[in-house]
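Naming follows writing order (A, B and C), and every chain is counted from residue 1.
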Amino acid sequence: MSTTSLPPSLMATLPGEHYTDPQVFALEQKRIFESMWFCAVRAADLPKPGAFRTVQVGTESILISRARDNSIRAFYNVCRHRGARICTEESGEVKRAFQCPYHAWTYDLEGKLIAAPNLTKMPDLDRVEYGLVNVAVREWLGYVWVCLADEPPSFEDTVLAEVRTRLGDVASLDNYDVANLALGRRIVYDVKANWKLIVENFMECYHCATIHPELTEVLPEFADGYAAQYYVGHGAQFGDDVQGFTVDGSEGLDRIPTISDDQDRRYYAITIKPQVFVNMVPDHVIVHRMFPLAVDRTVVECDWLYLPEVVAEGKDISRSVELFHRVNEQDFEACERTQPSMSSRTYAKGGVLVPSEHHIGLFHDWVRGKIGE
Amino acid sequence: MSTTSLPPSLMATLPGEHYTDPQVFALEQKRIFESMWFCAVRAADLPKPGAFRTVQVGTESILISRARDNSIRAFYNVCRHRGARICTEESGEVKRAFQCPYHAWTYDLEGKLIAAPNLTKMPDLDRVEYGLVNVAVREWLGYVWVCLADEPPSFEDTVLAEVRTRLGDVASLDNYDVANLALGRRIVYDVKANWKLIVENFMECYHCATIHPELTEVLPEFADGYAAQYYVGHGAQFGDDVQGFTVDGSEGLDRIPTISDDQDRRYYAITIKPQVFVNMVPDHVIVHRMFPLAVDRTVVECDWLYLPEVVAEGKDISRSVELFHRVNEQDFEACERTQPSMSSRTYAKGGVLVPSEHHIGLFHDWVRGKIGE
Amino acid sequence: MSTTSLPPSLMATLPGEHYTDPQVFALEQKRIFESMWFCAVRAADLPKPGAFRTVQVGTESILISRARDNSIRAFYNVCRHRGARICTEESGEVKRAFQCPYHAWTYDLEGKLIAAPNLTKMPDLDRVEYGLVNVAVREWLGYVWVCLADEPPSFEDTVLAEVRTRLGDVASLDNYDVANLALGRRIVYDVKANWKLIVENFMECYHCATIHPELTEVLPEFADGYAAQYYVGHGAQFGDDVQGFTVDGSEGLDRIPTISDDQDRRYYAITIKPQVFVNMVPDHVIVHRMFPLAVDRTVVECDWLYLPEVVAEGKDISRSVELFHRVNEQDFEACERTQPSMSSRTYAKGGVLVPSEHHIGLFHDWVRGKIGE
């Protein structure tokens, strides 16, 4: 039943327990999601000072809001007094301050403690030290990235390095001007599978011919099993008779004017570990953010971003959205079908990667390194 | 993020894991709820011999019933033969005996084994030794208190001592003649929070101004944040224009005639650890019993007790009940809002108590002592 | 509360934790259900090549199907590539091969890998070694028995030995020609109880007088508490005025012609550890298969088997089925009533077995031996 040595064509995956053991997941939460830069919310979803969103990062609830100077701040969503959640809604807006609804400890938009019952009788209570606990913040691509580490890693050496590894440079992504695109559509998927199965699925196209009929129609080279992510700088070319990146190959929306000519009629994809996928086509960008909630459950928020005028004018994006929505559904169904076998004794030593999947081995090495194996 | 030393105004609470760790809860079940006197059912709910109730005490199902001599008995709700539950209903009535519905082992109302198929062929089977396993019982305030310890602690040194600590003497409570009041209303709350959060909430009034508008209207001194339980013997005075302890301050019901003059127009509250709160006002007494079911779930049964004639004559108690029902809902919502943060790294060392909450530290010390820290 | 030594009439059962501890259940899954012959599906439910069923055996999903030569094969339901479930339906039919729906790895009906994208470019990939992982199979009584052990135990020394122990010989069971009976009815029960409670219940009749009024009417000797399984070779005799093994004692169906005269008008029962019960009466055979899914949950599939002509002609089997369906419901309710007490401290050392239950002690010894106590 077990294979002690693999033939050269094959490489082993991670052992099954990496996808089922709550202790492995707890390690990943601590050493990956709570230690790295985590893409949390779209900056445009915080339109003005006092607007806020709450998101789960690892095991923590994080409160992200826009301060009076229009900068974005992030805090642990925990009152410093007795721990009540400051905000329980997913999104909302306050005027000038966050007030804990339990004992009315009140924090300004920068997190400083500014009021509390009897506060004046507690002159020894430092209002900054007992302010909301700050979380590091960085805006990029129009998204708010947070980092719960006491000493966040370099954004350049981690997030941007992923872009360079994949595209050869960051400028190729800059061409799409993602931060200034507008949200055309957002779909949230609740996937009953470990987050690493979703990453592995996104990294390879060996499955494309089997489960993605619409996608391989638009990108014929995907039918051969090599993903756009296999070669540095490579973008998969649209089929000759394809007019746009849509479910039926019909014409897409207005092209993003700043992309280069060789980026036209091509699809590029980047995996930004641990939880972001960026997909670029001439007329839109699709951003996936994963929120791993349990060893066998991951919520994926997927945004379709277009030129602001496309969204403002209400142009019909339905066939455009439908293509990758189907891809998402096809992929997540495959992941959910795989999750239950991870506990099988036949998967105790893992499965195998074929040559067009061997690069997934680098992801597995990275995970092992992060969790200290 | 962490505070190594606190300013004098602040005291630390218990660390967050005390509210989230199932192993801590298992210790509490064993060393607190299964070792101390536990207020289980109202005696009047067992109106005659054979009437029974089943309740969960710690991890155990306990069968409480009235025997032929009208005394109240309590047993583990477990057949001595192969363990089937004797009674699965929450309440009911048998005629003369409890018969296990699996193999018909039959126990009289005192728990003795009196019949079983082929029992006469098993003369070596002692009918008392193989009777239902007894649990210690004590009636007080019209409630049945049980204790699962092999050697129950002194009722006087534990339960009654709590009353003395709070009121100065037990006579002050005796004045309300609680055992002879009648049940006007019972409301059961299923609270998704650790039982200790509910105790802590009940012990302090620092939150009153923020979440209890109706209560602070009736008891204006509560708006200052000092609970009735802060000073020995103190009862919070009704506002000058308040006619009764009702949701709108309108007139209450008939005054309990045996209370003293200085108990009139006052609210007193006692926390009887680990799971009972008693609230006294001139015309009624409110008794909370908590049933901790999981580290993050507690069922609270709340009884509103009035003079028998008030209940018998069907007087309108709705505004009277509504006041504390709102207080309950406000408090339990606050507890449920606090529970999720208990697992945050920002709460790993606990939160802080302000001066008007410092007495909660004694409760924390007591819990630590009980679970052997 | 505890009894250090038992009177001679009584024997101790297993301690309560054997029925509640997930670690004990995990041991049982590994050392019992995944190591012994397990009765999985009815062979007739796989009518032709390509027909398949999926069943859970211990912690594993097993794919059972009929091959081109009409033999039955069983495999782990796990693709050798990246682990996706091959079949997710409970039953179905493929034409010539099983194709994994994720990356299209394709296996013939004997499990050999016959196709995969780019397979020809991986000449070092052995198609048998990377075929579906085989599970040992044996057909008997018209059922497919599987064994997940690397070296399955002797079928004769385990399964058949149970029949000999109970009936004295296997020929007595052969008389019923079970493999050639037809399925009249199947009912599936989802029982919230540990599988051992169901075995113990089936092994004794001390409960019959209490919970089985219909059964003791048909088999009067059961009212005395001695089960058919107590004496080697014994079958319980129908009551004098009973015409058939039906819910009201009315006439049954056509008698199985090959049974012996002394098997007429008698009920025999066999417990084939760990998960099968066989019940024989002159005109039908009832087979229970248990699927233990959790320490406190067991699915039981019960088949009522009749002569093929009885089923083909659509004769009325309703009163025949109704008798044991009621017995099942009565038994499983008793087991569900017993499960919650298994965690009581009063059951920490177990309950007691009366003389007519003492043979259950052998089952307990067997369980202890299997899990290595």
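Assume a residue touches a chain if its C-beta (ideal position, glycine included) is under 8 Å from a C-beta of that chain, and two chains touch if they have at least 3 such contacts.
Source: prediction; values computed, not measured.
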Magnitude of the superposing rotation for chain A and chain B (Cα, nearest 5°): 120
Shared interface numbering between chain C and chain A [over half = same, under half = different]: different
Whole-Å separation of chain centres (CA-atom averages), chain A against chain C: 47
Junction residues of chain C, two or more chains touched: none
Chain C contact footprint on chain A (complex, rising order): 1, 3, 7-10, 13, 16, 200, 206-207, 209-211, 225, 334, 337-338, 340-347, 351-356
Sites on chain B touched by chain C in the complex: 34, 59-61, 76-85, 88, 101-104, 116-118, 121-126, 129-130, 133, 150
